[in-house]
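Okay, so chain A shows up in both of these, paired with chain B first and chain C after.
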Partner chain A sequence: MSTLISLTDRMLGYPGFAARCKALLHTLLQEVAVPLFGICCFLMVWSLAARHIQTSLGTFPGPAAVMEQAQNLVVEYKEEKQKAADFYTRQAERTAEKLAADPNYVVKVRSYTGKATFPQQIVTSLVTVLSGFAVALVLALPIGIAIGLNQTMNSMFNPLIQIFKPVSPLAWLPLVTLVVSAVYTSEDPAFSKSFINSMLTVALCSLWPMVINTAVGVASIPQDWVNVSRVLRLSWFNHVRKIVLPAAVPMIFTGMRLSLGVAWMVLIAAEMLAQNPGLGKFVWDEFQNGSSNSLGRIMVAVLTIGLIGFLLDRTMLQLQRWLSWDKASASR
Partner chain B sequence: MLVRSIRVAVTAFALVVSAVSSAQDIGKPEKDQLKLGFIKLTDMAPLAIAYEKGYFEDEGLYVTLEAQANWKVLLDGVIEGRLDGAHMLAGQPIAATIGYGTPAKIITPFSMDLNGNAITVSNQVWMEMKKNLKMGADGKPLHPISAAALKPVIEAYAAKGKPFNMAMVFPVSTHNYELRYWLAAGGVNPGFYDPPHGETLGQKGAQAFLSVTPPPQMPATLEAGTIFGYSVGEPWNQQAVFKGIGVPVITDYEIWKNNPEKVFGLTEDFAKKNPNTVLHLTRALIRAAMWLDADNDAHRPEAVKILSQPNYVGADPEVIRNSMTGTFEYEKGDKRPVPDFNVFFRYKATYPYASDAVWYLTQMRRWGQISDDKPDSWYAETAAKVYRADIYAAAAKSLIAKGLAKASDFPDFVTETGYRPPVKEFIDGMEYDGHKPNAYINGFAIGLKSGQKP
Partner chain C sequence: MSIILDISQVDMEFATPSGSFVALRNVDLKISKGEFVSLIGHSGCGKSTVLNIVAGLLQATKGGVILNGREIHQPGPDRAVVFQNHSLLPWLTAYENVELAVKQVLGSRMNSKEIREWVEHNLHLVQMDHAAHKLPNEISGGMKQRVGIARALAMQPQILLMDEPFGALDALTRAHMQDSLMVIQNELKNTVIMITHDVDEAVLLSDRIVMMTNGPGATVGEILEVNLERPRDRLALVNDPGYTGLRAQVLRFLYEKQRKVEPIHSAAQKKPGSKKRSAA
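Showing the complex of A and B:
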């Protein structure tokens, strides 16, 4: 083989060219062709298997049926947009009539009252998961740093963290729901209760990986760096800002990535139960509909959930690459 | 082309109506952005129609309709104010008002429909039941099927030590009382409630064990073998036939001809704060109900199309069509006409008769949900608190005044007492007179009588 390469090199009069071509080919094969092949295999197995699964709602949807439902969802989205436009036209007509009848009529524009479309449900889910994640982040960072810096705090909180970490969102949700409806009472709430319920559940479940990783990151700062801080006589605040945080950033980001993954998984379950109008509710409503299209539509949601989860993870990874000094940690 | 011209006509009509409805008779709604809840059942149709046909908008209301996970979530939503009103089981406002379950003052100005439920059993139970049935000349079972045919099956299960489980949709649901009525009429004891002693499942002394399952999950639960039969609204009985997992044995029309079913419920507090909104809502719902039954059900195919949208009932149109257009499929292929299976307006279906509320109260007493004896006057007072015919009358009169409805479609509001004349059209031939609830309760072979405790 190597003789062949050196031979072609010599023949081309361009040493290393063939080797580079080979490397390129290898990369193409590894990173494009093989994954594509994998996906094709999956699609084939899926469509073959689907034909043999008979459910009470008909045959399990194969790739073609799911594609068709995805297109239906796009059509429905366009129809709903048209309906919304008609709604505003009608409203404008009514307002004009009222103004003609009563010049002092105070004009109020009412937002469209129709159903949520699939893209809107995706947006709702994203907003909910990111809000829940943000709440968790705000809580987890200070707790993690405090625990990481102080052995006593660590001994105090560690058992609690270990106990709460494995709790399922389905267990938290009834408690969250009841507490929210008792505490969050306002005549004209800015956020709907279903949103608050799902958001808090997501926060409660995604808190723990961030706390643990932050604490570990903070606790494992090299002693040399701590010494530097001592020599410079940095105040506690500056010590945290200049030494601890930068040193712990790779671990913090690892925790954040884990947490966001957990948050996204938890969200779908929380939305199903809290009836927050996102992807979870979409799946639940379709399950309840039990029409011959339901399974296909649920599959569309499953693939969408997977794709978005993947994109969220990649985004976090990219953020980590930009913000972290330890580039090696980001490739894990 | 035809569709478009109809659409144009509808829009033009809506414009004319909106011009008319801006007349200063009721006054502007105090709250015009509303969220109303519903459960995925065909009898939510008046809400969907009022929305899709623009009746809510004609009344100056901007309504969002939201499907709810189950009856408990829906009721809590109304009580805590997450929902402004909802499609409810007739028993829900009554039970909440007398403090059974979550206590709250809930009223209804509008009754949503008559009939619309059925009882379905699994294929296996049906095969065993069929041996005990009388067949007609055409080889098909004679209807109505009595629970007496089910009794030997249940006894066989009991002999094997297997509990015979059945599901209904909520403890105070029409479906619960209908299933119990049918079972008891066939000599099967469905068990008693005894809340003071912690028996809230209603299984004390039961031969058939009833429990709660949300309507849309009924077919899946039957298929899983957790239950052997259920009582539910449409389309979930026809769904069982389509899926080939069960057989509907009797419709509630055959248990009690033209029985009152769902109501539109909201809190008394909301109605006090927003009297105009409630009148406007009632008007929109009356018009939707009129549309649904107009011209001898001519609009039903269009209603089926609307209801099959995923955001409303969402089941396949073929499944919804069966019951909505007056045929009902029992055993696969055994289609029979039941023209009045879903009644939304005719027979004065939307008027909130106090005697209907009293009937529900009698069943609550019969099965122990009300633990103590109550005088006849208590039944009448409770019914009057919950069933607000006064609101209905005001809304209907304003529709008549505007020429949007005919006076002959409604009861004569001057003479109407809110009590239907005594009816005898039950499967067991009992006579019900809303003025004499205690006498009625004492007439049942199975059930608590005056002075009895469960």
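Showing the complex of A and C:
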């Protein structure tokens, strides 16, 4: 091997070229080939195991069956899109006819009410989780800063946080549902109740990691920076804005990443029970449906949920890399 | 020369779980306008505590500090501090760190153009114009300390407080920084209190060296006038009998009169002194 390398070196007249190729090869192997091998192993074990699991809905789906269902879902989406397009063309034609017959005809546009397709459900889930997360963020930052700055506030709120933090979304949901039904009574609601229920449940569960991390970040500001602020006689507001908040940014981001992970996990459960038309409802409907394809379709949803969760986490990490001054804390 | 700062019979006690710890007892010191004073002593003798009381970051248990006829109760930009580990805000560039101070302290008196010029002037003074828009973790330790000094100078303080400003730097960088500081000082004639435990640094930079006794209950031991002519050149001074004599006096105070009696095995343990340092 080494003779080969020195030979290519001499041939290319460019020492270091071969070494660099070797390094590149090593990186490719480590970053691409090994993970791919891991995935292949998983697929094989899954495929072998699936054949031996008999359920009331037939054999447990292996990778091939799941792939087929994924394709089915795409086909269904395209069909549904076609149906919607057809519906609108027909409506437009009829309106044109009526207008031709009677110029005073008042145009009525009806929207298409087909069943939600898989991509639409993904979008609903994303919108719900991000809304819930945003609500949690808006609440968590001021609470976290207040607790971090003030020892008394910390002593006051800490027991409450520790008690509410481990509560499952499934326990919150009935309460949220009943309260929302009682409070959110509008003639023409801008948001459906199922959306509000899921969103608030997500917010309630994803609030805590952000509160705790913000508080810890604020409380652990180096004394030197506080002294700088004291020597400059910064006002309380400027102290928070110019010293405390930027100093806590790395910890706030850590909290946000944890919270977003929690939010996405909680969302699926919340959607199942609240019947919010997202991925959670999709899984629940397929479970109730019980056709021979259901397990495969649920498996597609499981993989999609995992993939989106991963992408959300990566997006958050990238955001942290762009916005946080502490690049070291955003390395993983 | 008029007295600008009067540290008058200051006692400092810290409450510890095992009762109160007397860090300083009856510290008395008067400093004239434009004077460069070094505080030297063994680590843990309360040098930083004195500085923090003058800065207003700590409140003396007894006695008080008077600056220009006014007693000090809280920190303020009239007593700018150069912190030991630079204390630059890591999310702001060198320029922005100085700008934050200038806007806060002089913002009401300057328009935005004057602010920019004043920030640039101070960065130029410490020879940091070339790296003005770099973040603190992109520049070396010496450069960070330069920016820290620029930030303190930009506040136009009555008195500049330096807490072991070059303690964390390597010997060559430290020498370079001392030379820069002498050039700046020659120009601005600030009143400075500097804490150090480097004997050469103290003799080279100071007009007076205040030598502190060991704690607990540390106080001013001896005061040494440094009458070497300015500007001073470190190479020329190496063989100067006046310089070597002063240096010997400081060393004699530290290692004969105030020899730190400390058994080797307990040296690694936490002393009350080191605790006090971290509290300061």
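Remarks
Keep this in mind: the second predicted complex is superposed on the first by the 299 of 332 C-alpha atoms of A that agree within 3 Å, B and C clash if a C-alpha of one lies under 4 Å from a C-alpha of the other, contacts with A are read in each partner's own complex, and residues count from 1 in each chain.
Here is the rule we use: a contact is a pair of C-beta atoms (placed from the backbone, for glycine too) under 8 Å apart; a residue touches a chain by one contact, two chains touch by 3 or more.
What you see is a predicted model, and the numbers here were worked out from it, not measured in a lab.
When both complexes are superposed on chain A, chain B and chain C end up sitting side by side without clashing.
Residue contacts after overlaying the shared chain place A:Arg297 against chain B, while chain C stays out of touching range.
Of the two partner chains, chain B is the only one that A:Ser56 touches; chain C does not reach it.
The superposition-derived angle at chain A (between chain B and chain C) is 150°, Cα centres, a multiple of 10. Taking chain B and chain C in turn and counting the residues of chain A each one touches, the greater count comes from B. Of the two partner chains placed by superposition, A:Met199 touches none, neither chain B nor chain C. Of the two partner chains placed around the shared chain by superposition, chain C is the only one that A:Asp224 touches, whereas chain B remains out of contact. Contact with chain C, but none with chain B, is seen for A:Arg233 once the two complexes are overlaid on the shared chain.
Within the superposed three-chain model, A:Asn289 lies in touch with chain B and out of touch with chain C [touch as defined at top]. In the superposed model, A:Ile243 makes contact with chain C only, not with chain B. The superposed arrangement places chain B and chain C with a least CA-CA distance of 50 Å. The residues of chain A shared by its contacts with chain B and with chain C come to none at all. Within the complex formed with chain B, the chain A residues making contact are 56-57, 76, 90-91, 93-94, 97-98, 101, 110, 113, 115, 181, 192-194, 273, 275, 284-292, 294, 297. Of all the residues in chain B, the ones that touch chain A in their complex are 14-15, 18-19, 22, 32-33, 40, 51, 54, 57, 60, 62-69, 73, 80, 82, 214, 216-217, 219-220, 223, 239, 243-245, 308, 310-311, 313-316, 319. Residues of chain A touching chain C in their complex: 222, 224-225, 227-228, 230-234, 238, 242-243, 246-247, 249, 325-326. By the touch criterion stated above, chain C contacts chain A in their complex at residues 55-57, 74-77, 79-81, 83, 85, 87, 89-91, 100-101, 104-105, 135, 155.
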